[in-house]
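Chain nomenclature is as follows: A, B, C and D, assigned in order of appearance, with residue numbering initiated at 1 for each chain independently.
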Amino acid sequence: MKKEINYKSHCIKLLENRGCRIDDITDIVFDLQKKYIATLTRDVCEDAIDRVLDKREVQYAILTGIELDIQAENGKLSEPLQSLVAEDNPLFGIDEILVLSICNVYGTIGLTNFGYLDKVKPGIIGKLDKEGKDTHRCHTFLDDIIGAIAAAAASSVAHNSAL
Amino acid sequence: MKKEINYKSHCIKLLENRGCRIDDITDIVFDLQKKYIATLTRDVCEDAIDRVLDKREVQYAILTGIELDIQAENGKLSEPLQSLVAEDNPLFGIDEILVLSICNVYGTIGLTNFGYLDKVKPGIIGKLDKEGKDTHRCHTFLDDIIGAIAAAAASSVAHNSAL
Amino acid sequence: MKKEINYKSHCIKLLENRGCRIDDITDIVFDLQKKYIATLTRDVCEDAIDRVLDKREVQYAILTGIELDIQAENGKLSEPLQSLVAEDNPLFGIDEILVLSICNVYGTIGLTNFGYLDKVKPGIIGKLDKEGKDTHRCHTFLDDIIGAIAAAAASSVAHNSAL
Amino acid sequence: MKKEINYKSHCIKLLENRGCRIDDITDIVFDLQKKYIATLTRDVCEDAIDRVLDKREVQYAILTGIELDIQAENGKLSEPLQSLVAEDNPLFGIDEILVLSICNVYGTIGLTNFGYLDKVKPGIIGKLDKEGKDTHRCHTFLDDIIGAIAAAAASSVAHNSAL
């Protein structure tokens, strides 16, 4: 069990190093669900994010996606993959495939939330997407990872409030 | 081959009988993609929808989903399924699962588009969703089917314009 | 919470009425995992199945799939869906789509196990598949439902033994 | 269009460099489908593989997966990802997620075929899996990529023979 706890804190640190605090994800989950649940608090959202980050599959997807972003940022991938990731080609699609495992941890409504966030790009998602496009930073996988964590957490909140 | 052609026209007729013309779907695809493709025409969108409806898996999902809607409308399903479908319970999720096969026919970006449409419910999707909630009509599966056809067609348009 | 518990026992009763006891599913899970875990017991497998059946998405998929089987058996579906389901057409695919939500409850390895069971059809899966093909009974969805429950339970067993 | 053709031949060369010829994949597809189609020829299988490799999403998954294998083989990934990929941890799951986009190009039956191949590991899949486990070579993603290409090609063969 110890190993997993380390993975989780390692993932949270990785997200922070790449520019995303848990608080930024809480903002998105809260905004997404407050229209459905009048009594929703940020604590409930943060707790849901915490449980999403407990899942092994989520941790693996974070580790893999951020690694590819960092390697592309440093020009370390082989061509043509280097250009595809560095340019965040909208038809690349591997970023979205990778995070399906995150979206799905609390069932299919995670997919719907993810699709919405991926199109609308609220808060930190839009900020990182823009930074990835305007600077040398590469956030091709990161914005999808954040969207998927938020989507899964929102699904968890929705499921729990329905009990 | 003949059989399939019949399935396709049968599906188009089913959609019409339930309140959705191909033209209504074209509206959604055009609105979704015109911001990305300045030269987009409605003909291109209609053509993409036509190709989506050619696919066997799409036809099967349409046949199954609309059957469940009609049976629920007529009170012919067993409980508790009857209530779950008739009330369009947002956590039911089988409607979204069923149409994954439609979304995916042109790759993962179909999923993202579907998630967006499912949340925003533009045009005919919102109209049917409302009718399903306010009247005796049941459109639990239909609105997802339409969203998925539009999402897949939009993906096809995006792929082709990128060539 | 009460409602869910009822759904679960209702699903178990439905499975039994259609010819599948939990014990039959335990056989499959045990056979699938005993080669990987020397100390595996049937109790561990049964417990994993029990937790799979606790999940709302699993219950919904069971309710929907078995309803379609029963209606097809009684000739109550509209054509051409009636023939597609009654004949268990191998390209129909909606049965496999429907149970994806079951396979995925414990992550992607559920998918792999499901694919294997769907091809090899061990124990009760093969028995019901044959009954569906040779008699008036229709088990088009049931065999996939059982395979998916077994696959998800096997994934849960694998994950737990790895901790 | 030119770019895509280059991607395809680049992918075929990558597969060969890692130890898998198209002919090895043809063996698997032929073995998988010959029991269902008495008149099946290797040419039909090869043609189906060729069409799978035409798909952009397939090419992207091949590029990404093989890159991760090569980087792990050279010890170039960050920990803990380096160990997870190099050791081919059976619960890692990202290899299976990545190739879902390949499996799905011809519909859901691709998933079933993939699950079967991933368990049984016939021909080149088993050979590479063993090589990855016994030597310094890393084929964590490659064996899933090959299984997914074979599974998608087998689905295409099945669909076409049913017309």
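The working rule: contacts are C-beta pairs under 8 Å (C-beta built on N, C-alpha and C of every residue); 3 or more make two chains touch, one makes a residue touch a chain.
Since the structure is predicted, the reported quantities are computational estimates derived from the model, not experimental observations.
For the interfaces A-C and B-C, the C-beta contact count is higher for B-C.
Chain centres here are means of the Cα atoms, and by that rule the chain farthest away from subunit C is A. In whole angstrom, the spacing between the mean C-alpha positions of subunit B and subunit C is 27.
Centres computed as Cα averages put subunit A at a distance of 31 Å from subunit C.
Within subunit C, the positions touching two or more other chains are listed as 56-57, 91, 93, 97, 100-101, 107-108, 159.
Across the interface of their complex, subunit A is touched by residues 90-91, 93, 96-97, 100, 107-109, 111-116, 118-120, 158-159, 162 of subunit B.
Put simply, subunit A touches subunit C in their complex at residues 1, 4, 56-57, 101, 104, 107-108, 159, 163. Contacts from subunit A toward subunit D in the complex involve residues 7, 10, 56-57, 60-61, 63-64, 67-68, 70-71, 76-78, 80-81, 84, 91-94, 97-98, 100-101.
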